[in-house]
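Here the chain labels run A, B, C and D in written order, and each chain numbers its own residues starting at 1.
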């Protein structure tokens, strides 16, 4: 790939400044996969100190987007078609990591799986997500978001 | 129900101040359903002016939570078990509304559907979501989030 | 539409004889929606007399396929891209009906929702499903199933 | 575990004879996972020789049920709560294997992931599924299917 982790994070900071400000970033990637991190912050937690579901969803969504970059190139206009997430355990007390892996790369759909865990306990997933991204050419054709 | 829309929004403002600050609120509810609104703001949009997927996910999640209140009472510790969302059209240029409806109320799971649209065009859904909430008693039993 | 319910059922009987033999058929359709029926049979039920989940899934899948016909024409090669189903109540003691409705018709994806109930009790859904079909042209492009 | 693969297959043959007759069986299992097989048969295929979606769904559902046995014991009344499947590539020309793995075992919900492939090509998934089973005690409590 002709881009770096820094390039990805620069794209996020410029295109989606709130994502950067909210502590999301790309950590690492390789062909067909990417690792994203959400840096812990005490504000915005749910009662009990839980990381809110939408924060985890946002992290999963970003991780899958980064994984799509590894096959499409740095393509900000690839958009999520659908994403489902199952919350398995409370996410408490630390950064959250999300590893996205593409299981199918089609011309009109990229499908992947995302595992999420609190940094330090990769064997205890806090959530798992699955979803599809649509590359821009096809998005234009289909009119989907 | 012995609580009002204002009570719901006070609970959100106290328990999840960032949700209130980010423009989410309860608009209306009745037995087994609730309507939530995200007030449009230009910052934090995706390129093209699209409302980001995680913003819509957060709105769907809140709407379903509010719908659960109508059968459980004002219960902040009911938590999402799983939620899936399909993005159908770009959400552009206005407030977004989400109407959640419970299709099954069980002791250990409340399942519902959420329709999302831009205010003014209810016939053109921008997304549809489905998911489950777990009441607190059962959450304690199961250890799920 | 230039085809009838009988045309749909003939296509099923010729292309998927086992579906017809197993009691599935199209009942009715209109632009963007279709109703499918599974005729009750005592063999193949789960203990307790429950209609098995895969039988309901198959019915949901067929209903959505029929709904796709109403916008694509009688197109046997439209294929399911993904389908999720939530089981809400036991399906016991009668025919099962499934009503599929398309919520988005794109060039590369048709997304719909399917409600399932036992004949006679439409207010008590036994399951709800959601999913996408891919038209043949796009399937060839993408290589998805 | 105090039961064998043969015990599982005997339970299937007695409780769901049509599943056995249709070529489904348990192949192997260990704590928290199970492998199920669908034996290829030419009848009942879709045009193009594709294994139909509902056949793959049924296999995924069975594999997850078998995985639940490894933590619940041989419990025929554990029932599917929800299951979603993404079809990634055509399933053509051979037996299909499904490996289910439990990612969370709660008292009221068992959540797992299922990978499906044609025997001989485990690196090319034909489908991936995810879903939840509800143990019988909780099912009675909740009234869910």
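To be clear about the criterion, contacts are C-beta pairs under 8 Å (C-beta built on N, C-alpha and C of every residue); 3 or more make two chains touch, one makes a residue touch a chain.
Here the structure is a predicted model, which means the values were calculated and not measured.
Q: Find the chain most remote from chain A, comparing centres computed as mean CA coordinates.
A: Farthest from chain A by mean C-alpha position: C.
Q: Among the chain pairs A-B, A-D or A-C, which one reproduces the interface of B-C, with more than half of its contact pairs identical by residue number?
A: Most of the B-C contacts reappear at A-D.
Q: Just curious, how far off is chain D from chain B if you go by their C-alpha centres, in Å?
A: About 33 Å separates the centre of chain B from that of chain D.
Q: Indicate the whole-number Å distance between the mean C-alpha point of chain C and the mean C-alpha point of chain D.
A: The separation of the two C-alpha centroids amounts to 21 Å.
Q: Listing for chain D: what residues touch at least two other chains?
A: Within chain D, residues 81-82, 84, 86, 88-89, 104, 132, 143-144 contact more than one other chain.
Q: What residues on chain C touch chain A, complex-wise?
A: 81-82, 84, 104, 106-109, 132, 134, 138, 141-144
Q: Tell me, which parts of chain C touch chain D in their complex?
A: So the residues of chain C in touch with chain D come to 15-18, 43-44, 46-48, 50, 52-54, 57-58, 61, 76-77, 79-91, 126-127, 143-145.
Q: What does chain C use to touch chain B in their complex?
A: It comes out as residues 84, 86, 88-89, 103-104, 111, 113, 125, 128, 130, 132.
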